[in-house]
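The following pair of complexes shares a single chain, chain A, combined with chain B in the former and chain C in the latter.
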Partner chain A sequence: MSEVVAVAPARRRLAGWSLAVLPVLALLLLVLVSLGTGRYPVPLADVFSLLLSKALGLTSAVDPTAQTVVLQVRLPRVLGALVVGAGLAAAGATYQGLFRNPLVSPDILGVSAGASLGAVLGIVLTLPSAAIQGLAFAGGLGAVAIVYGVGIAVRRRGASDPVLTLVLAGVAVGALLGAGIALLKVLADPYNQLPAITFWLLGSLASVNRGDLGAILPAMLIGLVPLVLLRWRVNLMSLGDEEARALGVETRLIRPVLVAAATLVTAAAVSVTGVIGWVGLIVPHVARLLVGPDFRRLLPASLLLGAGYLTAVDLLARTVATIEVPLGILTALVGAPFFLWLLATAKRGWA
Partner chain B sequence: MPLLRYLLALACLTVGLGSAQGRTVTDAAGRRVEVPERIERVLAAGPPAAVLLYTLAPEKMIGWPRSPRPDEGAFLTPEAAALPSTGRLTGRGGTANVEAVLALKPDLIVDVGSTGATYASLADRVQAQTGIPYILLDGSFSKIPETYRTLGALIGAQAEGEALAAESEKILKAVAEAVAAAPPEQRPRVYYGRGPRGLETGLSGSINTEIIEAAGGRNVATAEGMGGLAGISPEQVLAWNPDVILLLDPAFAASLPTDPLWSGLKAVKNGKVYAAPVLPFGWVDAPPGVNRLIGLRWLAGLFFPDRFEEPLPEAVRGFYRLFYHVEPSPAQIEALLAATAPLAKPR
Partner chain C sequence: MLELRDLAFGYGAKTVGSGISLTLQPGETLCLLGPNGGGKTTLFKTMLGLLPPLGGRVLLDGADLATLPRRDIAKRIAYVPQAHAAFFPFRVREVVVMGRASRLSAFASPGPADHAAAERALTLLGIGHLSDRVYTEISGGERQLALIARALAGEPRLLVMDEPTASLDFGNQARVLGQVRRLSEHGIAVVLSTHDPGHAFLCADRVALLHGGRLAGLGAPAETVTPETLRLLYGVEVAVVPLPQSGRAVCAPVLP
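And now, the complex of A and B:
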C-alpha cells in the first residue's frame, strides 16, 4: 500500500516531465527544419555547420550569400515567428481568462486596429519603415489606453460590470479606428500606398530582420513577465470580479496590469509583422483542450503552441510559392479547419 | 416658291442641327458612343486618363483625380496644377461623387487602361447614369500612338494628338530597335522592389512591370500564376541575385550597401541600383499611363547605354517640353536624374 502511494506521484512527475519535454523537443525540431528550408538553396550540412561555428564564435567557410540567407534572413525570421506566435497566444490566453469569454482575442480592446491605423498613417505619409513600426506600436498602445480610459470614466458614473464596459468600449473604439483606416485607404495613392497598406493588413514575417527583433524583444519580455508572475491570479480573475475579490485578489490593480502586459506584447508583435489574426484566438483554445483551463499550465502551453504554430505557418508562407503568401490568409486557412476538427473530436470540455 | 425655300431651309437647319448635336464614335472597347461635335470640357476618370489628357489638351481638363502636390505641380503648367480634385470615377475604388461630376458639366468622360468587360460595363453604367458620353481607350504601351490620334480627333486636338503620337512612336521604335539589336544574354535580369522595404514586386505580365520587359530587361519575378503585385521574401531576392534593382525610394536605395540583406547582391556591389523618378508622374508604373514613355527611354538607356545617341538630360527636356508643356531648368533635370542612381554618387 505504502509502495503504491510512493510510486504514483513519482510516475506522475515523470509523466509531467515528458509532457513538458516532448513539446519543447518538437518545437526545436520544427525550428531546425525551418532554418534548413527556404527559397535559396543552402545544403542542410552548411546550415548546421554555420550555426555551430557562429555559436562557438568561429568563422565559417560557408559561401557568404548562404551565410546572409541563414543568419540575416532565416534566423531572424524563425526567431520572429517564435516570439510573435508565443506572444500573441499568451496575450490571447490572458484576455480570454480576464474577460471570461472564449470568443475574445487580443484585438478585443483595439490593439490591432490601433496598430493598423498607426502603420497605415505611416505608409500614407511615406515614412521610413522604422517609423511605420514605431507608429504601429504607439497606435496599438494608444488605442488600448483610450479604451481603458473610457472604461474607467464610465465606471465612475456607476456602471455595474467593469468587464462588459471595457469590451463595449473596445468594440466602439475599434469601429472608430476602422473608419480611420478605411478613410486613409481611400485617400492613399492607389498605385504605391494602397498595395503596401493591403500587404501590411494581411501580416507577414518576410521583412523581419535583426534590428526588428532587437526592437520588439524588450517590450515582449517586459509584457510576458507579469503574465508569468501573476499566472495563478488569472485563475481567480476568471471566476469573476466579486469572487476574485472575495478571495483576496485586488482586481482593480491586477486587471490593468494584465491588460497592459498583454497589450504590450501584442502591440510589439504586430508592429513588425502587421496584423496576424487567429493565433491569439485559436491557440489558447487548442491549449485549453490539451491541458485544461488552469492558467498555470495554460500559459506555458499557449506559449509553446503559439510559437510552434506561427513557425509552421510561416514555413508554409515562404515555401509554397515563389511569392510570399500573407500570414493572415494562412493562419486562418490552416487554423480554422484544424480548430473545427478539434472541436468535433475533443474529449475535454471548454471551461 | 416661298414654301419650297422654307422647306429647304428647314432641311438644312435639321442637318446642321444634326451635325452640331453629335456624331457616333466607336471606342477601344467596341462601344458605340454618341459624342457632341465640340468638346471643351473633358473629365478624366482615373489617373492614367488624367495624364493622357494633360499631355494632349491641358486646357480642356476640368480636374484631377487627385490634385497635384506642390512638388508635382512644379513640373506642370500653373493653370493645370491649380485644377481641383474630382476623385476617381472607376477603377480601383471610385471616390468621385456622381452629382459633383454632373455639376462640373463635362462634355466627355475619358478613361484609359484595360478595355476588358469589367471596365466596359462600368463605362456603360456611368454613361447611363450621368448621360455624359464616356469613352474607354486602350492604355497598353503599343497602343499609345493610336490612343493619342483617337482622342486628338475626338476632342478637336488633331495636330497635338499627331505630334504626341509621332513622338511616342519615335520613343517606342528606338527602344524596340535597341532591344532587338541586343543579344539575349545582354538583357539584364531586373528586380523591381516596391513598398517601404522594397519587398513588394510586380510579377511578370503585370501592368506594374510591363515597362521592364518593354525596355529589354527580364523581370526576375516570372510568372507565378496571374500577374499582379505580390510580397517577396528577402531570401527569394538573394536567390534571384538580379543584375539590376529598380526601386521607388532614393533614400531606401541609398541604404542598400549598408544593409546586410542587400549588400551582398550583385546589383548592389556593381552599383546597379536605380530609383525611379516620380515627378510629376511616375516613370515606371504609377500611374500606368503615357508618363511611362520617358521611363521606358530611361530604362532602355540603362540596359543598353551605347544604343542611344541623345544624352538622357536632353531626352528628358524634350519629353517634358512636348508632353508636360514645361521647360524644366537644368537644375530640376539634374535633381530628377541625380535621385535615379543614388549609389553612383559616392563612387
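And now, the complex of A and C:
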C-alpha cells in the first residue's frame, strides 16, 4: 500500500508534465501552420527559420515577400487571435465559477453589450478607429460598473442572494443597451455605417495591428494577475456566497476584484475585435472536461484552449471561402455542434 | 466559548426571533429543536456571523462577532450546511481541503500540511476511500459526511450543523450522530438542529427549544424533551418512551 502511495505522485507528476507540454507544442504548431497558410502560402520550414532568425536578431534568407506576409500581415493577426481567445476563455472560466453556472459567458454582466454600444456610437459619429476602440473598451467597463452598482443598490433594499441579483441586473441593463444599439442602427447611414456596425457586431481579427496589440496587452495582463493570484479562491467562490463566507472567504472583497479582472480582460479583447461569442462559453466547458473543475488547472487549460480555438477558427475564417467569414459566425458554426456533441456524450455532469 | 446575549435575529428588516441568551461550553453538544420555519437556520447564520444580529450580541471567546474578520471566525467556527448538490464535479478530496481556507492567506493554495489535514478528517469520519470520488456522484449520506470532514479539516473548535440528519437513511443518521458524539470527545463543541427529538438523547448534552422566535426551554435532554414541550413545539401528541438501561428515550407521535 505504501509503495503505491510513493509511486503514484511521481507518475502523476510525469503525466502532469507531459499534459502541460504537449498542448503548448500543439499550439505552437498551429501558430506555424496559421502563419504559413493563406492566399500566399509559405512553407512551414521557412516560417520556422524566419521566426527563429528574427528572434535571434539575424537576417533571414527567406524570400522578402514571404517575410512581409508572415511578419507584417499574418503575425499581428495570429498574435491577436492567441491573446483574444485566451483572454475570453479565461474570463469565461472565471465568470462560470463566480456565478456557479456552466452556461454563463463573459457577456453575463453586459460587457459585450456595453462595448457594442460604445463601438456603434463611435461608428455613427464617424470617429477614427482608435477612438472607436476606446469607446468600446470604456462602454464594456461602464456597463459592468452600472450592473454592479444596480446590484448593490437592489441588495440594500432587501434582496438576499448577491449572485442572483447581479445576474438579473445584468439581464435588465443588457436589454437597455441592446435598445440603444438598435436605435443607433436605425439612425446610422445604411450605406457606410450600417455594414461597419454589422461587421463589428460579428467580430473580426482582420484589422488587428501591432498598435492594437500593444494597446490591449497591458489591460489583459493586469486583468489576469488577480485571476492567477486568487486561483484557489475561485473554487471556494463556486460554492456560493454564504458557504464561501462561512469558510472564511471575504466574498464582498474578492467577488468585485474577480469581476473587475474578468471584465477588464473581456473589454480589452472585444474592443479591437468586436463581439466574438461562444469562445468564453464553450472553451471553459471543454477545459473542465479535460482537467476538472479546479480553477488552478482550469485557468491555464482555458488560456491554452482559448488561444488555440480562436487561432484555428480565424484560420478557417480567412481560408474557407474567397471572402472573409466573420468570426462570430464561425465560432458559433464550429462551436455549437461541438457543444451539442459534448452534451450528448459527456459522462460527467456539470449541472 | 460562544455566547448569545439577548440576541434578536432575522432577514433584512424582518425579525424572526428575539431574546435568545445562551452560553456554549467547549466540547459541549447542543441540540436545537423547533418546528419548520421556526428560524433555526436563521439563528445558525446569525451565530456564524453570516447575518448581522438585529439586536443583542454574539460573542466568540469574548469578542463581538461583528468586529471579527471572516477568517478569524471561520478558524474557530465551522459550518456544515445541509448536503447539497455541488455545481461543479470536484473530487471529494478537493472539497474537503476547501475547509482549510481560513488557515491560508488570500493568495495561497493548500500545501502538503493542508492536504494532510484533509486526509486526517476523511479518515476520522471513515470515508478515506471516497477521497478520489467525484463529489456530485456520491450518495447524500456520503456528501453529508464529506461536508463534516470539510468542516473538521479547518480544525475548528465549534461545529454548527444545520439538520445533519435530514435526507439521510436510518443507518447514515446513526452514523452521523455517532460522529457528533465522538467530536465532543475530541473537545469540539457542536450545535446541531434536527427534526427528530429522539436524536437529542443520542448525542446532546443540552437541548434548546425554539418556539415562536423565543427560547421555550434550555437544559438536559431528559428535562427538556417531554410530551408537554413537544406538544407546544410541534402541535401534536408525542410519547417519550425511556429505553431501559441507557438513560435515553425514543419519541413517537401518538395518532388519535
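Going forward, the second predicted complex is superposed on the first by the 333 of 351 C-alpha atoms of A that agree within 3 Å, B and C clash if a C-alpha of one lies under 4 Å from a C-alpha of the other, contacts with A are read in each partner's own complex, and residues count from 1 in each chain.
The rule we apply is simple: a residue touches a chain if its C-beta (ideal position, glycine included) is under 8 Å from a C-beta of that chain, and two chains touch if they have at least 3 such contacts.
Just so you know, these numbers come straight off a predicted model, no measurement behind them.
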If you stack the two complexes on chain A, which partner ends up touching A:265: first (chain B), second (chain C), both, or neither? neither
Contact-wise, after the overlay, does A:288 reach chain B, chain C, both or neither (first, second, both, neither)? second
Let me test your reading of the model: by the given contact rule, A:204 touches which partner, first (chain B), second (chain C), both or neither? first
In the overlay, answer first, second, both or neither for which of chain B and chain C A:190 touches. first
What is the contact status of A:31 with respect to chain B (first) and chain C (second): first, second, both, or neither? neither
According to the stated criteria, A:330 is in contact with first (chain B), second (chain C), both, or neither; which is it? neither
Touch test for A:322: chain B only (first), chain C only (second), both, or neither? first
Doubly contacted chain A residues - partners chain C and chain B: none
Considering only the defined contacts, which chain B positions touch chain A in the complex? 47, 66, 88, 91-93, 95, 194-197, 199-200, 203, 221, 224, 229-236, 238-239, 241, 248-249, 251-252, 260-261, 264, 282, 285-288
Which of the residues in chain A come into contact with chain C in the complex? 97, 100-102, 158, 160, 229-233, 235-236, 238-239, 242-243, 245-250, 254, 288, 292-294, 296, 348-351
Which residues of chain C touch chain A in their complex? 11-13, 45, 48, 50, 69-71, 73-75, 78-79, 81, 86-91, 94, 98-99, 101-102, 104, 106-110, 134, 136, 154
Complex interface listing, chain A residues touching chain B: 38-41, 64-65, 68-69, 72-74, 77, 123, 126-129, 132, 185-186, 189-192, 194-196, 199, 204, 206-207, 209, 318, 321-324, 326
